[in-house]
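One chain, chain A, appears in both complexes that follow, with chain B as partner in the first and chain C in the second.
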Partner chain A sequence: MDIQRLKPHLPWITLVVLVAIVGINDPGFLRPSNLLGIAGDIVPLFIMALGLTFAIYIGGIDLSAQSMANMVTVIASVYLASMGAWVAVLCVMAGFLLGMLSGYVTTRLFVPSFISTLAVGGIAFSIAQWLSGQRALNMDAAQRNETFGWMIGRTWGVPNELLIAAVLVAICLFIERRTTLGRALKAVGAGELAAAASGLNVARYKILAFAISGALAAIAGLLFAVKLSGGAPTIANGFLLPAIVAVLVGGTPLTGGVGGVANTVVGTLIVAVIRASMLYFEIDATRQQIVFGIVLIVAIALTIDRAKLRTVK
Partner chain B sequence: MYELKAVDKKFPGVHALKAIDFHIRRGEIVGLVGENGAGKSTLMKVIYGAYQPDGGQILIKGSSVRFANPRQAMEKGIGMVFQEQSLIPNLTVMENIFLGYERQFVRFGVVDWKAMAKAAKAQLAKVKLGIDPAMVTSKLSFAQRQLVELAKVLTLEERVDGDLVILLDEPTSVLSKDEVQLLFKLVRELTTRASFIFVSHRMDEVMDLSDRIYVMKDGEVVDVVERGGAAAEAIQHKMVGRNVDKEYYREHLQKPYEAAKVLVEMERVGLPGRIQDISLKLHAGEVLCLVGTEGSGREAILRTIYGMLTATSGRLRIKGEDAAAFSPRQSVAHGVGYVPRERKIEGIVAGMNVYENMTLSQMKKHSSGGVLRVSEERALARDWIRKLSIKAHSEFADCGNLSGGNQQKVVLAKWRSAGSDIMLLDHPTRGLDIGAKEDVYDMIRAMSAAGVGIVLVADTLEEAIGLSHTIIVVKDGRIQKQFACEPGAKPTPFDLLHYMI
Partner chain C sequence: MTRRISRETLIKWAPLLVLLALVIFFTALNPTFFSLRNFARIAIAASPALMVAVGVTFIIVMGSIDLSMEGTVSLTAVSFAFIFAQLGGSLAGLGWIAIPLTLALGGLIGLLNGLVHVKLKIPSFMASLAMGFVGTGAAILLTGGDIVKVSDAAFRGLLTVRWLGFPLMVYVAAFFLLVGWFIQTHTTLGRNFYAVGGGEDLAHASGLNVTRVRVTGFALAGVFYAIAAVLVVARIGQAESVTGANFMFVSITSVVVGGVALWGGIGGVWNALVGVLIVNVIDNGMVVIGLPDFLQAGVLGLLVILAVVLSTDRKMLSFVK
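Moving on to the complex of A and B:
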């Protein structure tokens, strides 16, 4: 069995091995209620990773996702009182439009996406600071429960976040595998020049990919704000690295074209297990980013398609 | 001296090399011919160490060796002169020749350029190239670069004890007739220093140069022909497994086009620095060949019609509609199809399968409300795989793993299945072997008979003359002359050349 044929299966094998290792060390980890809890906790991060998948699938990156989520927690907290449920629409629109902006800068002004999204992320962060007056904001508990309470309860013992995640996965999978948009994104990721020579409007599809990424980052932020019943310009810090790790260890390489939504599901579960296991092995929160940084480097090195990347600068 | 014994190589779904026996003696020139996908390039990669065989043995002077990478093969005296030239254009000739081996010239941490220049001169003398080694490589002509590449490989002579084996992969594809003769003379002289393995699609050249010819088909060596042992047609027959039609360009199939139906009309179209004052008409069923030297503006005309370039002056009409500001997307919607020269980069998407590639330009047709009808796409792909006898295990085969000829068939099927009736073909037979070329010629004739208008930039003048109804000679971005090419009354290459240069 050679490594090339094994490669597509590495993500889920890693997941099973990790679960087994933690499970053997602490059988309590494997209790269904514990597993469900861990899965439920990771949902905001998962939704962000889901969005990032689209940006990375076309060979780009979206570094604005975390700032976008930060900004949305603030928007949601500030405008919940005045707008009610409509604040959700505002949040998603804000994410979508800022994502479009990143896409526009990338495709029309020819700025590499890691810079354009970093800059747009800066804008989002600044909006968050300005809107919040640099304070942590709280939602009115009664109003939150009335408007968005359904997001965080449990149905038949399953956290509702998981149901939301499942619906989003279904939608994204459908987009990826059954729609012209998904096919076009794959073509752009795997062979952009050929896609352009086939008459596809490559710029439009790229802008859409960044917009979807932004919208999903916004949904992640909204859910996070509801969970914590408030928002702050830095509340979601520490999400970006694990979210990128989730996409890459899932098997969508930075060079794009392969992998996709299903891979990110597995990748996020790997991240969830790593995070949970760090609690078991008593690695404290301040040191977790060290682990994710290392995992990120290993994941990139393993997944990247060097045939597409002639030189690295 | 160098020998392969029962070498086997498998890729997922393909048995690329089946028990290959191969040997080369000291100072021998061995030709290697075969259709695309016959296993030539895989065999070469095994020889120069880029691939490791799954079975069998590599023997040098009777002892078994194994190469993990090309560098290890080089250390055993096996060098490769690449088809796509591997020199770095902005380095000087000497830096290229000694790239990676500069250490020998380093004194106290500083490169002794004089010593390097002297050594480079000695290497260049081997290939009889009297250029200044401090020249920047990009200033050299293609033929000169080829020789520098050869000189670079010949540095192995000093580094390696033992005999050299040098692979020449399509070394003549970009050379003129005279340059080819010079190269051959040189290679013959160099047999005192090395053995050569010569790979080319041009049968006459292989027969001219080689002492023995290995003929490959479907991953096997089907024959080994000694010099003078067989006629070109007999070898081609073995390679293709059928007789090569005398009517190579299918001239007997050429039918008059519909002069009343104009598909594309260009009127004094200009694009500063690329083309000027281009006026032409493409009719239904017409094969219109653009002839000119590299950079004469042939491609700019194609790309302008396709909408990848936008003309700054003049008028462009596609089927009577003003198309001056069309993007490729709009051109495609008006029935224009484009087969680019860079098949692997612009033609197919490697990593996507056959049906995904075929419907890439026509997703709207196979979807409703943005949702694709995949079973319909697959049926379409199966249909065209059968029609064009594309060698792929199924419609799920990754196009990146198909051979060049089959990739080209997928690209053509992409446009044909979408019903494109204006086809822009840029070097459609480039890098294809005879069998695959003939398939493309057949398709061009079939499209022409079906009323498709074709603008063609051909690989050779013979091809242009053979295939076309009309030839337009382009030079420095301007139309020089237009020829009508009725069967039996076609211009000769000499007639064209006169206007090209």
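Moving on to the complex of A and C:
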């Protein structure tokens, strides 16, 4: 069996093997209610990873996702009282516009995306600190339940977060596979120069990819704020690493062009199972970050397309 | 031709002019800014950041990037605190051995970083980011989330003993800045950094062992991060897993704002110094003139974009990722 032909299937094989290992050691793990619970808990992270997929798919990276989500938890907590459900629109718009800013700075000003998104992340952090007065904020419980309570309940035993995630996956899959935008993003990821040479407005599509990433990071932040019933400028810290891991172990390489939304679904489930298995095998929570850091390195090393990198800087 | 020269001259001197303008600006708004006391305050805040910036300067000159500083600083700071306590907890006794051990550890982490980047052929920003996460994770593991105090009077002398108005740690940082300058200009290694940054293919074709230069560069950066860690512990008297937090953003901003081009080959440790001073003068100045400190991250973000834009010759580039 050729390793290159096996490669696209590695993510789901990894997932099945991991589930089997944990399941054999702890049969309780495989109970549907347990699996649903684990999947439901990972949804905010998944939504962020979904957004990151677009940035990585075009060969860029979005390091601002975590700051963006932080900022949105604050925006949601501050303006829920005055704006009601419309605060969701404000949050998504804020994420979309800041994402566009990253994209603009990357494409028009020629700043590499890891620097531009780091810088935009700094701006988002400032906004969060300014709005929150550098404190942790709480939402009014009654109002939260009335406005966004539907996000975190259960329908026929299925956590509503999963339904939200399913809708977002459907939208993203549609964008990726059935729209011009999706084809254009694939072209940009597969070979930016060729895409530009064939008349594609590369800059516009790249800006859109970063904007989508920002908007999804914002939705992740909103959901997180609703779950915790509050917000703070650093509340979502710790999301960025597992979100990047989810995209990469799913099989979307750092070099872009292959993989995509469906891969990130598998990747996020792998992250979820790794997390859960650490609990079962009683690996201390303090080791999680080391494990994910190493998984990240392995995942990049396995997936990256070296033919696209003449020199590795 | 004249345009290129003027552009290069401008880029070379712009950071220093910005620094002077900032000092004049803040002094005009509040004269207490221009005082030895305040300058000492800026120098104390800038010393550890300068060490991190000097370290990452070598990497950026090579055209790579290192985002591992937060993890490396945290891990070396925590390790230093533990080793120091194990060896008696005093500089007067065996405690001083902790310092060379910490620097060696920093070098080792950097070495690992470089090996992951070069041997696994992973772009340096991602390899170092991942290694940074591992470093922070290791620091959390070591401390279990606790704070490790270092209260030896002799060691804290780095902060408390002053000479001509500045604490000793400022002189330590200045000394290592000179070491960095020496490595940059007077050693083969320093020249090799510029060779790799100026054109990796060419450097490789001329017989340079690019792999070794890269790995050595990362190891060297690690040593400088460890120096920064020791200085931070001296400044705040404790080490924990978040000791290194914020160093990544601030140091990258400083180096880039100071005029080290992200594309490699241009700039050096003096640019790092000017950049660190710009960032710290802005920080300090905003407090002195009474602006809220939450603006800091946003201002730095805009500044770094501006700096990269100004230092990029856009005719040379077709696209960036």
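By definition in this document, the second predicted complex is superposed on the first by the 313 of 313 C-alpha atoms of A that agree within 3 Å, B and C clash if a C-alpha of one lies under 4 Å from a C-alpha of the other, contacts with A are read in each partner's own complex, and residues count from 1 in each chain.
Please note the rule applied: contacts are C-beta pairs under 8 Å (C-beta built on N, C-alpha and C of every residue); 3 or more make two chains touch, one makes a residue touch a chain.
This is a predicted model, so every value here is computed, not measured.
A simple residue count on chain A separates chain B from chain C, and the partner touching more is C. When the two complexes are overlaid on their common chain A, residue A:N201 makes contact with chain B while staying clear of chain C. Once the two complexes are overlaid on the shared chain, A:L193 sits against chain B and chain C alike. In the superposition on chain A, no contact is made by A:W86 with either chain B or chain C. In the superposed model, A:Y280 makes contact with neither chain B nor chain C.
Look at A:V258: by the touch rule set out above, it reaches chain B but stays clear of chain C.
Looking at the shared chain after the overlay, A:S116 reaches chain C, while chain B stays out of its contact range.
Using the contact criterion defined above for the overlaid structures, shared-chain residue A:R5 touches chain B, although it does not reach chain C.
Using the contact criterion defined above for the overlaid structures, shared-chain residue A:A184 touches chain B, although it does not reach chain C.
Across the superposed pair, chain B and chain C both touch chain A at residues 193, 196.
By the touch criterion stated above, chain C contacts chain A in their complex at residues 63-65, 67, 116-118, 120-127, 130-134, 136-138, 140-141, 144-145, 200-201, 248-249, 252-253, 256, 262, 264, 292, 294-302, 304-305, 308-309, 312, 314, 317-321.
The touching residues of chain A, counted against chain C in their complex, run 59-61, 105-107, 109-116, 118-123, 125-127, 129-130, 134, 192-193, 196, 202, 241, 254, 284, 286-294, 296-297, 300-301, 304, 306, 309, 311-313.
Of all residues in chain B, those touching chain A in their complex are 12, 308, 327-329, 331-333, 338, 340, 342, 345-352, 356, 359-361, 363-364, 367, 370-372, 374, 414. The part of chain A that touches chain B in the complex is made up of residues 5, 178-181, 183-184, 186-187, 190-191, 193-201, 257-258.
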